[in-house]
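This is the structure I want to talk about, given as structure tokens.
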Amino acid sequence: MVPLSWYLIVAAALFCIGLYGALSRRNAVAVLMGIELILNAININLIAFNRYITPEEVSGQVFSIFVLAVAAAEAAVGLALIIGIYRTRDSVNLEELDLLKG
Amino acid sequence: MAITPQQVVFILLSVLTLGCGLMVVLSRNLFHSALWLVGSFFGVAALYGLLEAEFLAVAQILIYIGAIATLIVFATMLTRGMMLGRMKMSNFQSGISGVVAILLLGLLVLVLLQVSWPTEALPVPDDTIAMIGNAFVSAYVIPFEVVSVLLLVALVGAIMIARER
Amino acid sequence: MGQLLEIIKDPAQLGPWFHNLLLSLGLSAELASLVGDVIGVLLLLIMVLTSAIFLIWGERKIAARLQDRVGPNRAGPYGLLQTMADIVKLLTKEDVTPAGADRVSFNLAPALSVMQIIMVAAIIPIGAGVVAVGLNVGLLYFVAFSGLAAMGALMAGWSSNNKYALLGGFRVVAQLLSYEIPLIFTLLAVVLLSGTMNTNSLAEAQGVRYFGFIPGWYGLLMPFAFVIFFVAALAEGERAPFDLLEAESEIVAGFNIEYSGMKFAWFFLQFFVNSLILSALAATVFLGGWQGPFVDQIPVLGIVYFSIKTLLVLFALMWVRATYPRLRIDQMMGFCWKVLVPAALVTVLLAAVIWKLPVSENIRAVLLSGANIVALVATLGIIGAQLRKRVQRRQTATPAATVQV
Amino acid sequence: MTVDTLRLLLPEIILLLTGLVVIIIDLITMRRVNDTVLAGVSIAGMLLAALAAFSLRGIPPEPVTAMLAVDGFATFLMVAVLLGMSLVVLYSYDYMKQYGKNRGEYYAFLLAVALAIVLAVGANDLLMVWLAMEFLSITSYILVSYLRGNPRSSEGALKYFLYGAVASSVMLYGISLIYGATGSTSLNGIAQIVSGQGAIEGARALGFTAIVLLIVGFGFKTSLVPFHQWAPDTYEGAPTPITGFLSTASKAAGFALMIRTLIVALPSLSVDWLTVLAGISMITILFGNLVALRQSNIKRLLAYSSIAQAGYILMGLVCVPQVGFQILPFSDFQFNGINGVLIYLFGYIFTNLGAFAVVIAIENRTGKVEVKDYAGLIYRSPWLASLLLIFLLSLTGIPPTLGFWGKYFVFGAAIQIQFYPLALVGLIGAAIGAGYYLNIVRYMFLMPADDDEKIGVSRAISVALAVTGVAVILLGLLPSALITWATESAQFLASL
Amino acid sequence: MESWILPLITLIPLLGAIVLLFIPRDREDGIKLAAIVISLIPLVLSIFLLVDYYTRYIPAGGGMQYQVTLYTIPSLNASYAMGADGLSVPLVFLTTLLTTLGLYYSRHTIKKRVKEFFFLFLLLEMGMLGVFVSLDYVLFYIFWEIGLVPMYFLIGIWGQPKDRPRYAAIKFFIYTLVGSVAMLLAILGIYFETGTFNILDAAAAQPWAGNLTVASLAFWAFMLAFMIKVPAFPFHTWLPDAHTAAPTAGSVILAGVLLKLGAYGIIRIVLPTFPTAFNHWALVIVGMGVIGIVYGAFICISQTDLKRLIAYSSVSHMGYVMLGLGAAAFGISRVQDQNVANSMAMAINGATLQMFNHGLITGGLFFLVGVIYERAHTRDMGQFGGLSAKLPYFYGIMMLVAFASLGLPGLAGFWAEFFTFRGAFDLVTVWAAIGVIGIVATAGYILYRIIQSVFLGEYDSTKVAHWTDMNNGEESHEPTDMARFEKVVMWPLVILIVLLGVFPNLLLNFFNQFATEFVRIVG
């Protein structure tokens, strides 16, 4: 049997990889990919917890289904934004989006 | 401790998932990143299978690969001018981000290992899918409705934003 | 020998028997199931691939007959070996990779396509209990993996470094994702009636007989849903009149334009197997699958029934392909979103409402069937009226313009 | 789901139905409907929902299907936010006529975002907490990008989106850890397990980690330093009514989520989150104020000032009644921190929206958003100048404006628990804040005008200005009822 | 009537301000007259108060009278509570008097944005009056802050552009705000300690009597607010800027009343509420006071700008208040000794007298600076000289007021300095001795800088080219003497200065009761 901690560590690793991607990439689409990796890590966590801690309830699985749905909605809006920007600016490079100086 | 076949499978799948994940964030070609992302999603789906969450495994493939990854690939291709040629993909803070990510990982692992997690999974009820279905219309009915409104809003919004002028 | 007979009578016993055989050879339980699985996968692969070979021949032959041609008739009797000859030809052709292509994706795409279709095949129950993977979420699994086809096409289209290929790729995604929605809705209606997503249980659930003799096929209970499924399947199978993905007149040959030789053959294979699987699914979901007379006594009959039903649906697909001209891309998308999706929603609604009515099963069945037929007729009527109106408007506006439908 | 439960969900239902009605009106009239109708229906819906929420304020704290709580805390914030949202609709009426397309959807989105906030203030389950936040965020992204063809708007939206998506995923990871450690997502359930013996052994560090991750998410929504980077750009890029919304109602929702999660679910880990938040509060006040000093664009200035204001609001949460990080029952205290947050938020919503009304009035007429464009405003429009003065004084916290009472109560909470360093930072921040607020006043009153043209104000904005101005002054002079209501509301939260 | 008089006095300026809003902007004279008439009402009321208190309550032992609680906010525990005692009544009178005079003076000198000026002036009056009569901390604080905004605008809008009025205004605002927020924190602290917002009750409860650390914290928080307002030595830097920049009437109010708010706060709140802490830090306060006296005086000598000089003289003069109060506080620990007790009472009396007299004198001086500035459009003393011959009337009044400022016996200023030093010498001998240097220096700048350089010597007609005739506003080459309105403004002040110089008891009776009562309570 695989111990729960193995899953958690894999999830943590995926989380960190995703976070690195989200923080380090210049391209907006690539950042979005990092975010999706983070969400996957979260889902691994949720489902593993559900399996090992509360298998008789399905709260973890239900939660992760919500994550899936919201992730889809978020990706749709995010990609729409990216495409919208690309239309006007011909670039989705975050370093070139400098009309607003932060 | 002898390693059981299930553990072998787990390790293989983890390597697949994490390896693909790493390639997603390291690849210099955006399109390849997207493809690696699909690979990573597959690995995660298989992990769900290993966790006996078959509904989630299939939903993962349906939504993440069938919908989200496709959307991402689509967006990658629509913003095609960006990815021709191998350009610098990482920003000025990538070095710091890398250090932060590694430190965070170390920290998380330390923290996670402090807890005495259960090592044995408990038996799973047969009718998980029915239970999920019931949960949606009983305890989770409000979030369910909220998510449906949210999806509607996101749909209309996304179309509005991306539509040609 | 008795056992062998039993297995022949009931092919579902094959798996357990083989498993026991391996156990008796001294393998551990885990290893035994592993070997069994591998052999099962190989069997599935062989079945799918060989049937594809004959399918190609069959399609060409039938299309030819429908169009008053002869079709392949040189290689082998009735041209039966024509496909084999084609395969040999493709294998011996030069394997070209275009300059500027993304090599890895370019080579991976056909493999992904074939893998996807074989994965889908795993949930088709060809006989009572004879199914590669008895998934509880079988239908969802089908939907999930059929969506992957888009991914393969996208990869191929992008990596070819060819704008027609890329356009073809885009078209695939647009079409597959759009038509998947009515498809899912009709499947949802079926799930509402049966209460299961397991394909085998679905077929089983259609074993009831209303009024003692009418088979409880969902295709009969919900003819409208079946029609929608069929139309959506045409699009999902990338078949005429929805074969815009490879419209030679518009985008030369679609996403696979740069492929040749064996890699092209793989896409070709995917296309035909896809049709087969869709037909098989239609047969399972709407035509009772392996259900038929005496299947209880002699389960092996189920395979026969199933094959017949599948081939019938497949024939219908071919028939349509050979008959109708291709749609324009905007017409195709419009048809999906403006006609099929609302219609599919109606079927779901009908199923959900009528199936909860507090009346006897028989009456429910009649009501549902009747309502479906009414909806079908009404939809056809509305479409017809709209088309007539449009044609009239065109004629009055620009009398000289050619009428397109 | 009985009729009674539906009554408890009345505000949500009203908002949802109004949203649908707006869309349907827009569709059946083929987008030719007058804006007045759409805005009117939206405002009516919001006010009706506010009324419904107000009518629910007295009922005993009651969880609806364990996912949403309808208690004093929630209803107070619902009323405040919905009133604020109605103002945003008023602002949008003129603004969108000038700049926007797809206005039917726009009003529907505003109603959706109001719905999201109404859900957020009652969220009583980690799932609901996260979901409400995502709902709010996603709708906000769309609204921020609403100025189509304006690259600043899309750029602001994209930055908002990327920060928001990362922050909310990070927070969600924290939520998953809490779920793993307790096996529950219900706030009350978590509280029981964490304080009882049910917690998994060795989860102390895990709890801290999870809390930090949660705070990242909340901090993003409330634009606390260092999770604020999106705010100035987004505020500047967004349509100005939406900037007003982001800096007030959206922020209120973020605080509601943070407060309920931390106070209800994790009171026994208060030592962790109080320390973290105390530090964040100080940094936020100082940083927000210092950076605001250097801004020349009024939207950016208000953005940074709203960051600083968030620091003050956070003070209230940091200074809940406590002895050695042990949170004491609220009912024993007149300054329970949370009532400070509520009063502050209430005042802040009206004040900031009032300030934005002036900004919008001027932007609509002149298209200018730089502080120097406000020179001599007193000659061009004495009313706008005087009202903006009142709002700025309220933001500074000068009595007898509404803004003073918020500061009064959060400072009171800080002094009560004898957290003097925080109070001192608040003091310094207030002084710096006065500097840049008065800078605007200086331009408006003390500088000659570049342009003598009078600035007229449309009817919608006039109504909004009247409402906010009267609210800020009148409630500043007679705060008693508001204070009583807020204090009772805060007690409901704790007794749940 | 009796219990309503204080709310009435505070609210009438507000109502008046609101009335002004309804007068059309272009009817400037109407606005001016209305404002002056309105300001007369509180003046009359405060004179009534003065007489009433003197005749009725002083014989009966004084104490807090006219107390009223209009309404209470239960959720805040705060109430609209007012009251006045011997300390408040004269200050209320001073406020209303200077306001009316200021408004009257402004009627002739304010030309731009008239409506706003008079509106803000009345608002300012309300804030100041409110502070002097509030008995509730929250109310006190609110009135305290209300004064801030009008003053900001008075300085910023009507200041002379060359004096950087905007900078001065913002500096004034932020300094005061810092202090007031600190005070708010301390008020809240007191509330949590004593459970009441009532100033008298809180003082009676003696918060943190046993905890010097916390008490010191609260003490310094209050002192920060009050010392900034006073202003005591290190916090005084806003004052010269603000004074110089403000219009004449603004300067008069600033010097005459606003500075007194700080001193009043120390006496009303800090001294009774934190006697122990004050005692502990008394020498620091004394030190600040003395440094203020000496430093202010020496800075004055080096000034060339007449108005700035008088501004710095305020720093110096308010140092006496700090010295007196600090000295009195220093005596608290030895109050059992009857001599010490007497000296304490005397020091407090000196400080309070100084508050009132400084209001009269410096108010008068700023008016007089205004008089010459309006004529010559410069305040540079190097430009003047020999004006005694040209402006004899002006010279006479200036002499009188300046000598009062100097502390000439027979004029009001003398008694304040006398009592302060008389008390302080016993209590803090060394510091008081140093403070005397300040007196000498004061004599120096009054005599040498003001009298000598402005009025004596030879009149040089080339130095100031344009003189404005304030009677008709016309230009002339010769200076003209004081106009009637200027005389009207100055005479009440001159009369009071002389009167209180001759009969200090008139005023002392008010203050003495407060001082002795305080000493008795501490003892």
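By written order: A, B, C, D and E. Residues from 1 in each chain.
One rule holds in what follows: a contact is a pair of C-beta atoms (placed from the backbone, for glycine too) under 8 Å apart; a residue touches a chain by one contact, two chains touch by 3 or more.
None of these values were measured; they are calculated from a predicted model.
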Going by the touch criterion stated earlier, list every chain that contacts subunit A and also contacts subunit C. B
Note: chains that touch subunit A and subunit B both are D
Measuring centre to centre, with centres taken as mean CA positions, what chain is farthest from subunit A? E
Pick out whichever of the two, A-D or B-C, is joined by more C-beta pairs in contact. A-D
Taking each chain's centre as the mean of its C-alpha atoms, give the chain farthest from subunit D. C
Per-chain Cα centroid nearest the overall protein Cα centroid belongs to chain D
What whole-number Å value describes the gap between the mean CA coordinates of subunit A and subunit E? 65
So the centre of each chain is just the mean of its C-alpha atoms; given that, what is the distance between subunit B and subunit E in Å? 71
Intercentroid distance (Cα basis), subunit D paired with subunit B, Å: 32
For subunit D versus subunit E, what separation do you get between their C-alpha means, in angstrom? 43
If I count partner chains per residue in subunit B, which residues reach a count of at least 2? 55, 59, 67, 74, 108, 112, 115, 117, 140, 143, 147, 150, 153-154, 157-158, 161, 165
So which stretches of subunit A touch two or more other chains? 8, 15, 18-19, 23, 32, 34, 48, 53, 59, 62, 66, 70, 73-74, 77, 81-82, 84, 94
Contact pairs between chains, per stated definition: A-B, A-D, B-C, B-D, D-E
Note which residues of subunit B are touching subunit D in the complex, please. 107-108, 110-112, 114-117, 139-143, 146-147, 149-150, 153-154, 156-158, 160-161, 165
Going by the contact rule at the top, pick out the subunit B residues touching subunit C in the complex. 5, 29, 31-32, 35, 38, 54-55, 58-59, 61-62, 65-67, 69-70, 73-74, 77, 129
Tell me, which parts of subunit A touch subunit B in their complex? 1-10, 12-21, 23-27, 29-30, 32-34, 36-37, 40, 43-44, 47-48, 50-53, 55-56, 58-59, 61-62, 64-66, 68-77, 79-84, 86-87, 90-95
Within the complex, which stretch of subunit D touches subunit E? 334-335, 389, 393, 396-400, 404, 407-408, 411-412, 414-416, 418, 420, 423, 426-428, 430-431, 434-435, 438-439, 441-442, 445-446, 479-480, 483-484, 487
Tell me, which parts of subunit D touch subunit B in their complex? 1, 9, 16, 64-68, 102, 105, 108-109, 112, 115, 119, 125, 127-128, 131-132, 134-135, 138-139, 141-142, 145, 148-149, 154, 181, 200-206, 209
